[in-house]
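Listed below are the structures to be examined.
One chain, chain A, links the two complexes that follow: it is found with chain B in the first and with chain C in the second.
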Partner chain A sequence: MTSGPHDGDGPQGRDQHPPVHSDIWVPPEQLNRPAADRPAAEVPAAAAAGAGAAGGTAVLDQSPPAAPAGRHGSTDRRRSERRLAYWLVAPAAVVMALVTGYPIVYAIWLSLTDANLRDPGEQKFVGLSNYGTVLSSNYWWTALAVTVCITVVSVLIELVLGMAIAMVMHRAMFGKGLVRTVVLIPYGIVTVAAAISWKYAWTPGTGYLANLLPDGSAPLTEQIPALSIVVLAEVWKTTPFMALLLLAGLALVPDDLLKAAQVDGAGAWTRLFRITLPLMKPAILVALLFRTLDAFRIFDNIYVLTAGNHDTGSVSMLGYNNLFKAFNLGVGSAISILIFLCVAIIAGIFIKGFGASAPGSDDEGR
Partner chain B sequence: MSSLNRRRAGWTIVNLLVVLYAVIPLWWIISLSFKSTGTVTDGNFIPTSWTLENYRNIFDTGFFTSALINSIGIGLITTAIAVVLGTMAAYAIARLEFRGKKLLVGAALLIAMFPQISLVTPLFNIERRIGLFDTWLGLILPYTAFALPLAIYTLSAFFREIPWDLEKAAMMDGASPTQAFRRVIVPLAAPGVVTSAILVFIFAWNDLLLALSLTSTDRAQTAPVAIANFTGVSQFEEPTGAIAAAAVVITIPIIIFVLFFQRRIVAGLTSGAVKG
Partner chain C sequence: MNLEVPSRRGRRRRLGVRLGAAALAAAAAIPALTACSDSYEAGVINIYAPADGFDFITQVAETCSADSGGQYRIATHMLPKEADGQRLQLARRLAGNDHRMDLMAMDVVWTAEFADADWLVPVPDDLAAGLEKTNLGGPLETAKWQREDDAAKRLYAVPIWTNTQLLWYRPDLMRTSLGSAKPPQTWDEMLSDTKRIGEAGGPRQILLQAKQYEGLMVWFNSLLASAGGSVLDPDDPTKVTLTDTPEHRAATVEALRVMKAVATAPGHDPSITNSDESSARTGMERGDGAFEINWPFVFAGARENGVAGEAPFLGDSLVRYRSIVEAAADNPTDPQLETVNNALRKRFNFALYPGISDDLPARSTPGGLNIGVASTSKQADLAFTAAKCLTSADAQKIYAVQGGTPPTIASLYDDPDFKIVYPMGDDIRDQLEADRAAPRPASPRYQEISTAVTAALSPVGSWNPEKMADELATQVKRAVKGEGIVP
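This part shows the complex of A and B:
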């Protein structure tokens, strides 16, 4: 299949894919195709990737496995190549496993105990009662509802706005360079700094935006207005990222197709909904996945804008407060694990949406 | 002709809207930072009287300066480690055949999506126990772990585009392996390495949650934490100008950097995420 270690890709691989260029989105389905007709010897690795998605700790199994049974010939070279690969990969794998895999296992253990920071010596196994405490508490459900609202609303706005900005970057008659440059400003701003800008913009008496409101209103001290401002700050900061991802997808929609449709009498909206968007589906899904998971862990903006007061705290905020205000490690860990499960569920839903073409499921065969 | 003009005008307006969108919040905080204590609450978009007082004030308190030093030090060390480890791993992923490659890529993707709050409680406890709490290393380690997926994805996307055959060609023309590597491969790989270094640095520079949770004093507290928790001399007076100045100080260098390396960052961001 692959003709030699230093060719990288098999010859068919090269023929099927255009040379990979960072500005060009390659639909995952296409990338996946060669994976399907790869020889059986490579299947275990594919299965392993699935297992990898189940838990970060799996990276620990990076020790060189025994030589694969199905392969003969030029094994020495293969083996030395593999050994080099393991040496190169090991440090990164170890760091990632130590810092994420081990603590998450430890968090699972902590969540089953009544550990807290007030009397560190005492630690009793309490079973699932911490989860009971969290799941029967209003704080958790409020925080979850707030987080889900922020996530859904901001990601939807970002999608529409990001699509619009991507269109501008793609189609503008002039000034493309300028637009592509300035949209990186929100990306470059430190989230805390941007949040402070929004906070003072909405602080009565100080801000240009608060001054537009009727006298006496303090938007950051009421739940819905405050959440709207949080969404605004989040959308402002991350829409450019969305726009750039969508732009990469937009570049793949063939102009000829759009022109042909136009000749056939399709209006601009028809072209957008019938041609552009369907062809961009993979890019849109990836962008949505990344942004949804990112928005779900929102912390910085809320910490600065409202500190979670007036029922505006996200689940991340709740986890943080539980540790540093209530000093409760057990309950805090239970919250951590629950958030982790939420993220896993969201990711799972998206991966289902991708079908087999989830990012990372194929990859490197090309 | 007039329809062309109209389209031109239309695009000018659209472009202008995008520019305003990006610039207004930034301008607002810059404007605040130059206002004097007397005018900071006037709500004006442009300072009526300009002053550097706020900037002098934040650097007079050793507190912000040390946070800035911590941020720069931690950011640079994280970047160095993540880029070196990431380059090694990305080279293996892009060029070598080995089992567990998909596992590694999947795990990296998982970590990229990981909710950091899930690690805060256990990491806090572990770091206190082994004495890493409130130290540079205590932040560098988690930053590196979270930055590695970013570095690996960006770099392996870049490495796949390098025409490695050039190395062989150079050796055929009489270059030694070292020369071939130094003169041919390094220049080709450098843009990718620089890009991933920038992205990693921005990530480390930007973080609030981990820095907030894993530090407690000016030994390791980073600038975003200092700004988020900044309280003035008196608790009744919000030090708006000073906070704004501090926010500008930590933001402007990054923005200049981002605009300067614009193309690379766009390529890196989309390759890291889209190609994932």
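This part shows the complex of A and C:
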């Protein structure tokens, strides 16, 4: 909101092109109000510090419509505005429908056929039998159990660690920017590249971490140790993301409240559990929702670390193997749809059950 | 509010630039897109080959193009290192009807699948007749398949190179521990030899490939064939023959018994359930193993590391040959290498793949690549001409001598240059003859079969052979019918 950049081309631009042609829609009653325009645009740079804030409030003050005409005219305009809004979002909605809707519908259709990449064009409708095949297979239930375990364990660890890191970042006395950048580094590394490093680190003979273990142990060759390494790689990578989301939530907690509680004799833990966490609940739920959905679809870490051997495959791996190894588009699509349903259920539980709010929804933060 | 106006205008101007740029990019991309969607270039034969050995195929392709007198030019395109990735890329191009793919380098186990999917042009009779005369039976068998509309099995691809596993042992170790350097001929002999070597204080590991991947399928298939069994009926690939008759069942159980014995013998490789070609090679060179089952590439590897003094199991016995080996880096057929090879063989020697019993011949699984002509190609005849050149004796000699992949043409095994590079050449040829080679089951559903078998067998040795035989039969039956899901 500083006026610096506008001083140069602001008045000049306005002189050549009346604001009617602007990209943003300006309510008609405001078009003829030069008095409000000029002072704001012509504020000298020297007075920018105060005027910037003043300009900001001025803009805010103008935003509620002044409602000059009668009630009838207002609703008419509102209706036409609404129509305009629909026209404006229509292209985006159509593109969305094409880009996401079509594949989803097509996948549902494929999951009801016996389509195979080997014989394109020879698919026939088989009803729900692909779902029966998947749901009656031990491989699916093993993969689901593995996926749920990885999701629950990794998200819980991430929440605790992320909270701790967020607190540190929030209270950092100096170098806030540096701390936040450093913490974000794991999140910036490509997952596959990081997974390959983890793999070598835990392989006897090539890895520094495997050498810490007793001789002859190869953790990636057994189910539980291998899953622990997968969880470790996930936690290492995505804790920063969790921490950043929680940091935004921490900023919502008023300092005054904490200080008042401290004066009243509340200890650090009481303040955390009675004030900070309840106030942060919306942020925590959104962070958990995002991470749970992400973790449930885990693929790359497992693909690199164990390739799904020793019963460590996730449901995404199972879908990939059936689609791209067995070329079985029908069964593979059925698995994809089941994953989609699982993800929808998780999101539903978070939103309806815990009251997490979808970003952008009306009741955000409630 | 109007504060925003000028900057919005600026943004609009930038948006205009962006839109223009996008339109330009789209206009530029459209011809390129149409170019890659449909049209092909007459006279240009595109071959897709895996990363391993790609340089040698490219080298031969240049020679072939130059020698064709302008008839064709071969353009090479690299596929991923992993077989699954190669197969997926080829399948996507084939399913997408890519006319710009003419030749495909295919793993030996894909023939039936690709042929049944109508992705392959059968090899013309005259070319096939020539190949039958010159090629070894084992590799040739992997390129054959009988489609529903075929009267009999016929060639669907041209073998370009092959491979076979050998038994690797340590004569010096055997002589000190057992008093004789005679290599074992059966798995049971090998197990009792390891036991005695261990009792004399030597290493007891048998190093091979047993992690949950194709290498485990190769091991199982070799054992099963050596025991007289098979996964599928060779005459009816829809019939599972693991347990259908008492004899077949006995063979399957016997093969599984040997697997379990190797995986659970005292002093076995602790990471056997994660072992592959490279872990077997390094374990042997470290001195952890008494025996190793591996492809012939380990010989040159041991020689390289031996002269550098980096293979503990050879000590510094080869270090004095360092200059010879280094000088031969650009000339792999240098006759001086025979001295080094003979010195190496005193400590690291090869023998035929072990069998199950003395009565039955040992059989082993061939590997390698075949070249197929894609049914999407618009110039199949020319593609076969190019494939013939890429798989000729001259070409195969280059792959063998420089690339380290054994040839499929029998006569090359008598070539003096070949004999210098492959002291184990005679054993390789013997194992690749039709009666000794045991190709993996030919089936359009091979991928599902192999995935199901390796998943059931893994972790190797943790099961009861009798129960596992039934389990395998159930899993393979489902895979052959295309029922169920793959793990």
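Assume the second predicted complex is superposed on the first by the 257 of 366 C-alpha atoms of A that agree within 3 Å, B and C clash if a C-alpha of one lies under 4 Å from a C-alpha of the other, contacts with A are read in each partner's own complex, and residues count from 1 in each chain.
By our rule, a residue touches a chain if its C-beta (ideal position, glycine included) is under 8 Å from a C-beta of that chain, and two chains touch if they have at least 3 such contacts.
These numbers were taken from a predicted model, which means no experiment stands behind them.
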item	value
Partner chain(s) touched by A:168 [first = chain B, second = chain C, both, neither]	first
First (chain B), second (chain C), both or neither touched by A:325	second
Chain B versus chain C, judged by how many residues of chain A each one touches	B
Chain B versus chain C as contact partner of A:339, first or second or both or neither	first
Which of chain B and chain C A:225 touches, first, second, both or neither	neither
Chain B versus chain C as contact partner of A:178, first or second or both or neither	first
Footprint overlap on chain A, where chain B in one structure and chain C in the other make contact	5-6, 19, 22-23, 26, 59, 62, 205, 324, 335
Of chain C, residues touching chain A in the complex	1-12, 84, 88, 91-92, 95, 113, 116-117, 211-213, 270-271, 273-274, 282, 444, 447-448, 451, 458-459, 482-487
In the complex with chain C, residue positions of chain A that touch it	1, 3, 5-6, 9-10, 13-14, 17, 19, 22-24, 26, 30, 36-37, 40-41, 55, 59, 62-63, 116-120, 133-134, 137, 139-140, 204-205, 216-218, 220-221, 307-310, 313, 318, 321-322, 324-328, 331, 335
List of chain B residues in touch with chain A within their complex	7-8, 11-12, 14-15, 18-19, 21-23, 25-26, 28-29, 32, 40-41, 43-45, 85-86, 88-89, 91-111, 113-126, 141-142, 144-146, 148-149, 152, 156-158, 160-161, 164, 202, 205-206, 208-209, 212-213, 223-224, 227-228, 240, 243-244, 247-248, 250-251, 254-255, 257-259, 262, 265-271, 273-276
Chain A residues touching chain B - in the complex, by the definition given at the top	2, 5-6, 8, 19-23, 25-26, 44-46, 48-53, 56, 58-59, 61-62, 65, 68, 78, 81-82, 84-86, 88-89, 91-93, 95-96, 98-100, 102-104, 106-107, 110, 115, 165, 168, 172-175, 178-194, 196-198, 200-201, 203, 205-208, 210-211, 236, 240-241, 244-245, 247-249, 283, 286-287, 289-290, 293, 296-297, 299-300, 303-304, 315-316, 319-320, 323-324, 329, 332-333, 335-337, 339-340, 342-343, 347, 359-361, 363-364, 366
